[in-house]
Each structure stands twice: as C-alpha cells, then as structure tokens.
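In what follows, chain A forms one complex with chain B and a second complex with chain C.
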Partner chain A sequence: MKRRLPMAIMFLFAIWGGISVFVGKTPVKEFDNLLRNKLLMIVGAFAIILGLGSLIFHHTQKIKRRARFWQYSYITLFALLITSFIGLFGGVRGEGGLPTIFGGTVLGAHEGLVYAFTDIKEKASFTANPAQFADPTKAVMELPREIPIEFNRFQASLLRQEIELRNTALRLSQQVVPPMISPVSNQEVPYKTDFKISLQALYEGILVPCASTMFAMLAFYMCSAAYRAFRMRNLHAGILLVSSFIVMLGQIPLATAYIPGLHELRQWILDVPNLASKRGIMIGVGLGASATSFKIILGIERAWLGGGDE
Partner chain B sequence: MHIATDFWTWVAALLTLAILSFLWDDNSFYRAAEHLYIGVANGYSITLIWYNVVVPNMIDPLRGAAHVVSEQGFAAAFFTFNEHNVLNPYHDNNFFIIIPMMVGALYVTRFIPSISWMIRIPIGITMGYYTAISIPASFKASIVRQLEASILSRSDFDSAWVLVYGLLIFVTTVATLIYFFFSAEHKGVLRPISNIGILTVMVGFGASFGLTVMARISLAIGRFIFIFKDWLGMVQ
Partner chain C sequence: MWYWFLAFVLLVSPGLYAQESPDSPAPPGESIDSEETIATGETISSEFQSSDMESDMGAIPAALPAEEIPTLFPPQNVVAIDVPDDDGQAVSVTWTPPTEGRPTRYILEIAGSDGFFEELTRTTLTEYTVSQLENNELYRFRVVAVYENGQSVSDETPPVAPRDHWMKLDEIPVILAILIYISLLLYFIQAARRGVELFIRRISGLTAVEDAIGRATEMGKPVLYIPGTSSIEDVATLASLNILGEVARRTVHYDVKIICPNKDPIVYTIAREIVKETYASEGRPDAFDPDSVFFLVPDQFAFAAGVDGIMVREKPATIFLMGMFWAESLIMAETGASTGAIQIAGTDAVAQLPFFITACDYTLIGEELYAASAYLGREPMLLGTLKAQDFGKLVFLFIMIVFTLLSLLFGLDAAGWVRVR
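Entry: the complex of A and B
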C-alpha cells in the first residue's frame, strides 16, 4: 500500500503524459495544458515548504546542539527571515505595502549627470530632447554616459518650464543637498541619498556578487586542478591539453591579434571535433535518459520511493 | 578616484572580498558571506514562488470563487460550464483548486513520521507525468535531431572543405558512439574505431574545459572591474 499506491498513481500520470504527447485532440490538450501549467505547478509549489522546513530544521538543530560553526546559522535564519519579509510584504518590484525605498528629494549633480529619484511610484523618465517632454511616461534621457535620469512628475513640470535641463537639475539638487567635494580629486562627486531595501536591492547587492564571485573563484581552482590533470602523461592527456589551450588562447584578443590563424583553428576545433564528440555523447545521454524513464514508469527503477517501510 | 557612496555597492564589494578570501584559507568572513547567501537566496525563492505561483494559481482563484459564491451561490463555484456546455471544473474561479493544493500539502507529511510515506504521492504524480513527457522530447532533441544533423545532406556537397568536414563529423560521431558502446569488447575492427572515438572525446573535453575556464575568468574579470571601477572608482 505505502509503495504500491504511489507507484500506481505515478503510472497513471505517466500514461496520461504519454497520451497527451501523442493525442492532439482539443479536450486532451486543454486538460493537459491545465495540468501542466496550473495543477502541477500548485503541487510543486508546496515542495518549497519541504525545502524550507529542512533548512530551518537543519540550522535550528545546529544551534541547539552547538555544532561546529553554529553561530553562522543565525546569519542564515536571520537573512531568510528578513528577505522573505521584505519580499512578501514589499513586493518583488516594490509594489507591496511595506515601504522599501527611502530617500530625499533631489540627490546630487556631477558633470551634468543628475540623479533625482523621489517618489518612485510616480516617477517618469525623460529624454534631454524637450520635444519628448510631451510624453512623460516613455522617454528615457540619453546622456554621454548612458545613465538614465528619472524625475517625478513635479520635477518634470519644473523641467518643462525651464528648458535648461542641466541648470534646473543642478539648482534643484543644490537646494536640498549641497554638492559633495571629493577630498582626493577636489571635484564634485555624484551621490544619492535614497536608500533601497527592496528585494531587487538584496538581489543585486547580495545574491549577484556572492554567486558570481563563487563561480569566478572556481577559475583559480580549475587552473590548479588542470595543472595536475593535464601533465602530459600520454597521448590522450596531450590532446586534451592542446585542445583546451587553443580554445582558451583563441578567446584572448591579444593572442588572436598576434598569432595568425589561431581564431580559425579554435573555431574549427569547436565546430568539428568538439561538435562530433558532443553529438556522440548527447545521443548516448538521450538513449540513457529514455531508458531510465521507461524503467521508472514500469516500476523497475524505484529509487524515487526512498527507503523506509513498505 | 571616486569611492562609491552607495550602500549596496559597499555591501556587494565587502561580500566579494569576503568570498575571495577563501582563496587564502577558510575563514569567518567567507563562512558569514556563505551563510548570508543561503539565507537570502532561499528568501528570494520564497518570494518568487509566492508571487508567481501561489498568488495567481491559488489565492486569486479562491478569492474569485468566494466572490462567485457570494453572488451566485455555492454550486456556481464548482459547477461552471465551458463554451461547449461541458462541465468545467477548471474554471478560473472555483474551489476545485483545493484538490491540487491538498495533494501538494502531502509534501508536509515528511515531517510526520507515521504518515511520511504519503509524500510519495505528490512525488509520484510529478515524476510520472514529467518522466513520460520527457521521453519523446529527449528522443527527438538528443537522438533524432542529432542523427539528422550528422547525416550528409545536399548542402554538404557545396564545396570540398564542407564535404570533408561533414564526413569528419559523421565518422568521429560514430567513433564516439562506438567508444561508449560497452556491450561488445573493443577488439578487432572496433578497436581502431574506438581509438578514434577516445581521441575525439578528448578534444571535446579539452574544448569544454577551455570554454568553462574562460567563462570563469570572465566572471573574475567582472568582479575585479566591479571592485576597481564601481567601488573604488580607480578605473574610468
């Protein structure tokens, strides 16, 4: 019962999956679309509870038992709580009830680049072209450094009245915040006084740098591993070394500029032998995946049931 | 030199340095950044699932169904009909949505030892359906399309080089497949072919390794540009 019932359900849904692929009749397709795009998504969404429960359980147990490095578990739990709170109540794009953006009015000026974020919900973007001021919702200001300038409707009306964009913005900024002078260069420094603690800010400020640095760090480890792995012990290792060396070198502009034919050789390696080997592997993987899928559906492969009682 | 004044630039820069510090040795800064990343990533996932799945697929239909009940009675929230006058239990606003929610809730039984076996039901549903639909998809994409592309076509005879490359790709693909064919011992005629296969595979692995390293190097350059340009303002 505890194993046969889930297996029977799995088999029934597998049969339905097969039918939906091969039967193009509208009622079948309609139900299949609903199942795939809605019902199974709902079922799958509950899996996050499982993952979340496991994470919280793991870290609370670690704290309770005073396991090694237990202090850091507080960071994970606290970050989880804060991020979820900001996300759920502040919204993905700051549309929630929780205020996620705090700031002053006009915020700074430097070399004609003006940041003037105020009420984000009411913001409107403009171009330097006064003709586009007529459409206050679409246009984006084009500056030499390609930094968009965003103004709210109040500032937009001021700008409309005073065509001198730079002077107006400078004046507005200096009314509220005096220019900040760098002690190093003795020049005016652009600055913003608005502070965001939105989900997007957490994503850009924490997730992106952490993830990209972790992946970037792998380059160092791969290089040290490659040194050990690529020592030319035999012909196969030598081919691996030469192939990877050409591909890496061929991606460096300086090398391709000074070594004639390197770029073409690299491209040939990627297009011919690399393609053939990938194609062979892909065909093998496809056959293996299909065979494994059949084994699961037919109940030969039961690892997904896990251990435990019958 | 214009050092950044934005709060999040400083956070990103300090986290970058904290993670890079692992190159020296495992240390407190790295562990703190790692744990912070895990917490924020999970919180972020919760929010995305909430807004992309839970609200449109669960909360909105239930809210709509409650509205239908208040206006048209309880039966209307279940027994709605589509344009073919067929009973349509999948109408946007009805309580049938509770059924997949109840099935999904069986995931939580994992935490209740006496009924923890019931977690196999939602897993079985998901696995059965997606396994079945993946068979033709993977067969088509990984086998049929690849075989099609390997076979010489009329365009391969446009020039001598194209023909040579086409033949080379065909031969080395077959050789790679034979190298991974373990049901027969690699001797006799299979031996030289599988040798060509292993050489092809080695070139492919080398190319993949080279591309992967360069992608990582590119990311590393991106981080250093962030530190020296966006954070410290040393590079224009």
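Entry: the complex of A and C
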C-alpha cells in the first residue's frame, strides 16, 4: 500500500497530463491549469514548511554537535528569524504594521499616496520632469513641468519611481527640490525615505547584490575552465582550440572587418557542426526523457519511491 | 467654361471617386484614422493629409490637380478563419497583395465587440495567426497596405469567432511517434523478461560510480550529491532522483556518509524519502542520518554559494552533479574541482554540458543521464528500455534521412507532413 497508492495517484495524473495535451476543450484546459498551477502551489506551500523545518533542524544540529564552522549556523538562523519577522509584520513593501522605513517619512506615506491614486483612478497631475529619469542629479536643476497622468496600476508604480528618484536627487545633490503636491490631498508629499528594511528592500539590497557577485565570479571560472579546455593535449582538443579561436575572433567587429570570410566561417561553425551535434543531443534527450516518463508511469522504474515494502 | 473643365477632370480622374477594383469597394466613410477620413470612401495618399501640405496647398484634396493624386490599391481577398483542430483562442488571417502597387508592409487591424478597429501587428507577409483571443467572441479584421506615399485599407472580414475543439488533429504525428516508441519499449521489455541477452554499451561515467564511491570509502570522506537545481516537474530531476537511489544504495553498502543539499522543497522531500527508504531496504535504517538530506535555499546563486561552502568545508571525496543546471553549473563544478574531489556530472542542459565536460572527471551527456538508473540497477526490464531508446534514435535517424532525400530529390515539403502548429 505504501508504494501502490503513490503509484496509482501518479498513474492517474500522468494519464491526465497526456490527455490534456491532445484535447483542446476549454474545461479540460482549465482543469489541467488548476492541477498544474493551483494544486502544485498548495503542495509547494506545504513543502516549504517541510523545507524550513529541515533548514532549522540542520543548523540547530550543527550548533548542538559543534560541527565545523557551527558559528555560521547562528547567522543563518538569525537571518531567517529577522527576515520572517519583517516579512510577516512589515509587509513586502513596508505596508504592514511594523515600521520598516526610517528617516524623514513615516511608514508607508509614499505607498499610501500611490495606492490612493490607484484606487481613485482619476485624472491627476503632478510635477515631474522626464529628464530626471535619465539623470536624477540634473533633474532638480531644471524647471519641472506639469504632466497630466491618468493613474492606473502601472503608472502608480511610475509614481513610486518618481518619488524614489526625487529622494535620490535630493540625497545626491543636496539641493532644494521643487515640492510635489498631491492632487488628492492638495498637500506637499514628503520626499525623504532614508533607510528601509522592508522585505523588498532586503531583497534588493542584500540578496540581489550577493547573487550578482556570485554570477560575476562566473567570468573568472570561465577563464580557468577555458584554459584547461583549450590545452592541446590531443587531436580533439586541438580542433576545439582552433574552432573556438575562430568563433571568438569572429565575435570581434574589427577582426571581421579585416579578415575576409571570418564572419561566414564563424557562422558556419555555429550553424552546421555545432547545431548538428546539439540537435543530436536534443533528440537523445527527448527520447530519454520519454523513456524515463514511461518507465515511471508503467511502474517499471520505482527508484523514486525508494525501497520499502509493497 | 471653367465648370466644363472641372467636370472633365472629375470624369477622367480615377483617384478622386472611382473605385480601384470592383473586388475591393471601400465602404463609405471608411478611414484608416481620423485624419484620413474622406467622404468618398476612397483611399488617398497620406502626404496630402499632412498639415504642412495643407498649409502649403490649401484645401485638400479639391485644390490638388487630380492627375497628381496617386491611386493606392488595398490588399485583396482578406479571409479570417478559426484555426481548425486547436484549443481555440486563435484565428488565421490571410490576404493577397494589391492588384497593383507594391506596399512596403501591411498593418493587420482587429475589431472586437466594441466595433473599433485597432492595430494588431505590422508584417511584410500575407498571413498571420492571431492568438490569445477570447473563445466564442466575434472578431472582424482588415488589412491596411502601407505604401511609401500613403495607405490603403481593405474590406472588413465577416465576423469570426475562435472555438476550441475536442481533438487537436495537428498533434496526430506526435501521437503516432509516441505509439511507435511505446511499442518499441514494450517489445524490448518483453524481450528482457524472456531472458534475451541485451548488449548495453559501456558508459564510462556510470562505470566510474562504483570506483568513485569506493574512493570515498578509502578516504573516509563523504559523498556529495546535488540533484540539480530544477523543480520536480523537470524529467531530468526525476532521472537524478532515480540515480540518487542507486548511489545511496552503494553508500549504505560501503558505509559512506552521503550529503544531499536541495534547492527545491518538493525535491528535498522526495530525495529525503528515497535515501531514507534505501537505508531501510538495505537493512540499515539506524544508519540513516536525517541531517544528510536537507533543504538549503531556493535562490539560484545562494544555492551555488551554499554548495560551494559545503564543498570547501566538508571536502567530499566524490561529487555527483546530476540533473538540470543553469548558470550555477560551472561555479559548483570548478569549486568541486579545486577541492580535489572526483566529480561525475550529468545533465540534459546542452548549454551547461561544455562546462561540466571541462570541469568534471566524467560527464553523462544528455540521454546518458536518463540511462543511468537502469545502467546502475542492472534490472533486465530497465535495460530493455535502454535498448528501446537506442532503437528510437535509429527510427528517428531513418525518418530524417528519408525526409531529407524526399525534400532534396523531389522538392517535397516532407517536414510539413509531421509539422505541429
């Protein structure tokens, strides 16, 4: 039962998945979307709880065992706790009850204005200068002009950008920025939002730069990998070296301008031998993926269920 | 005499009020946009509509010499039909070029229930399949021919509604291919059941698995297994989880610690169950460390950083990178190589294969990833599916060669017979 029930469920859903590909009726598609998106989302939500449990267990165990570099586990748990707290009580963009914006403005004043515009959906205007989108520091030096805006959700986000750009301009230039008057309350909109710790700010300020740093390291890893790959140890490595040299040289406009036929040769390498081998792999992958799927559907492949009793 | 002259000019000039073609009468009051509306319903050059020309030449078009106004012909035979045998939301629009003149491009316009035409796309072709429409809603279409000196609009099509259909008939080639492939699979599985000896070529990356785990045993260091960075919907992830079962079985046998960090919480849940059940089925449930399979982080590069940290701290003797990978593949593989571990990678991501081939000791290329579980398990029925994979490739190769010859020798659109929309 422990294995037969999951297999029966898998078989039914797999057959349904196949049917939905070949049947075009809307109810079939809608039910398929329901399964693929909503049901999977619910399963995913439960799995995240399990994942979080695993993360906490893993690091508490490390601390308990005093495993190597156990001190870092405190940082992970602390970051998890703080981020969860801010996310739960401060909202994604600081719209929650927890104060997440410090400095010149009270919580959510800007966001409130944006949402007010969004809800009212009336024609409004505010002082803005398109040039500031190009260079915020110059924007404050130029005369602003009235831009009529009929607010929708997209434009509300533009307004948010406007406010943030003005803040940036103020911070960078330390000059007087023309006041922005809210068309709703007819009062001046405060500019300063100096320090944010909303979930979005943490994501944009910490996670994205860290991920970019990791991604940037790829360039150096590529160099070392290329050095190893292009060493002429045998005939195959030699062919690889020559073809890669031609392809890389063909990428340079100066080289293609002075070496006749280089661009065509580079394109031929990419379009003929390269594409042929790629397609060969792709056909094999397609057949292999199909075979794996059939093996699982027919119950021949059971490794994904682990061992255990029937 | 002047009114005789005017009457003569009006009669001989086709550009002012005569229709270009009896096939394409423009309805009275038809317009391309508000500025180009003319009382006669005739198309007219846009250069005569511009404000500059108006200021220079006075009233338009009466003040122009009639013989200078060029005649612009609209597209002909505009037909809109519901795309047959599909899942709806699509209408195919075709038209033929104007009887005279060479438009630089066409603008396809659509009108929904509100009756107002709006631009849909610009194209130089004479057909377009409009998608993402509402099923059972009526739509009308018309095509504007754009010339260098103006535009000319066609007739509207009759209203057409996209509809969904029970069976997507254009998928029949796919169904046939699947049936052929299933037949091959079943045949070889039956052959394996009958005890027919099936030759399976040696895959060096998989032969090395035993040695790699043996190396970890000798060194007293753990085995690190990364089941890809994709979700459970990816078949490569499923294949990787199948291999995880076989690798875990060997780690139990050799009494080696396995470390399996996961990026996806659902994959983590399944991977944990696989390793746990493998320990149980091998009679060593007590040896299973619940901390050996864990959820690391769902972010791509954070995961890569976390795995790099594990590699550097734990110094595993053997690293398996199996499944679907993206840009993080080289970051992990290079870090693993720098720790001196023996690395076996396998992926069906063609873009990541060069990185793995460069940085890892063994690489399972494409289909070998899917063959790994059967190869390691050595179950006859699973080996039968490997044979079917190879024969499937043979069939596809044969079809490609035949179709290529038909196309080259006889000019037939052989690919079109099996093309799926």
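Basically, the second predicted complex is superposed on the first by the 176 of 310 C-alpha atoms of A that agree within 3 Å, B and C clash if a C-alpha of one lies under 4 Å from a C-alpha of the other, contacts with A are read in each partner's own complex, and residues count from 1 in each chain.
Rule of thumb we're sticking to: a residue touches a chain if its C-beta (ideal position, glycine included) is under 8 Å from a C-beta of that chain, and two chains touch if they have at least 3 such contacts.
Note that the structure is predicted; figures quoted are calculated from it, not measured.
Asks: Who contacts more of chain A, chain B or chain C?
Replies: Comparing chain B with chain C, the partner touching more chain A residues is B.
Asks: Quick one: classify A:H58 as touching chain B (first), chain C (second), both or neither.
Replies: A:H58 sits against chain C, while chain B stays out of touch.
Asks: One more residue to check, A:R228. First (chain B), second (chain C), both or neither?
Replies: In the superposition, A:R228 contacts chain C only.
Asks: With the two complexes superposed on chain A, say which partner A:K29 touches: chain B (first), chain C (second), both, or neither.
Replies: second
Asks: Looking at the overlay, what does A:I239 touch: chain B (first), chain C (second), both, or neither?
Replies: First partner only, chain B.
Asks: Figure out whether A:R68 sits in contact with chain B (first) or chain C (second), or with both, or with neither.
Replies: Only chain C is touched by A:R68; chain B is not.
Asks: Could you say whether A:I300 touches chain B, chain C, both of them, or neither, answering first, second, both or neither?
Replies: Second partner only.
Asks: Looking at the overlay, does A:Q267 come into contact with chain B only (first), chain C only (second), both, or neither?
Replies: After superposition on chain A, A:Q267 lies in contact with neither partner.
Asks: Of the residues on chain A, which ones does chain B touch that chain C also touches?
Replies: Touching chain B and chain C on chain A: residues 21-22, 40, 43-44, 47-48, 50-52, 55, 69, 207, 210-211, 214-215, 217-218, 222, 226, 278, 281-285, 287, 289-290, 293-294, 296, 304-306, 308.
Asks: For the complex, give me every residue of chain A touching chain C.
Replies: 21-26, 29, 40, 43-44, 47-48, 50-52, 54-55, 57-58, 61, 68-69, 207, 210-211, 214-215, 217-218, 221-222, 224-226, 228-229, 278, 281-285, 287-296, 300-301, 303-308
Asks: Across the complex, what residues on chain C touch chain A?
Replies: Touch list, chain C to chain A: 85-88, 135, 164-168, 171, 174-175, 178, 181-182, 185, 189, 233, 235-236, 238-239, 241-246, 262, 264-266, 268-270, 272-278, 280-282, 290-291, 294-302, 304-305, 313-314, 327-328, 330-331, 334, 348, 350, 353-355, 357-359, 365-371, 373-374, 377, 381-382, 385-386, 388-389, 392-393, 396.
Asks: Can you name the residues of chain B that touch chain A in the complex?
Replies: Of all residues in chain B, those touching chain A are 1-2, 5-9, 11-13, 15-16, 19-20, 22-23, 31-51, 53-54, 57-58, 86, 90, 97, 100-101, 103-108, 110-111, 116-117, 119-136, 138-139, 141-143, 146-147, 149-150, 165, 168-169, 172-177, 179-180, 197-214, 216-217, 219-220, 222-223, 226.
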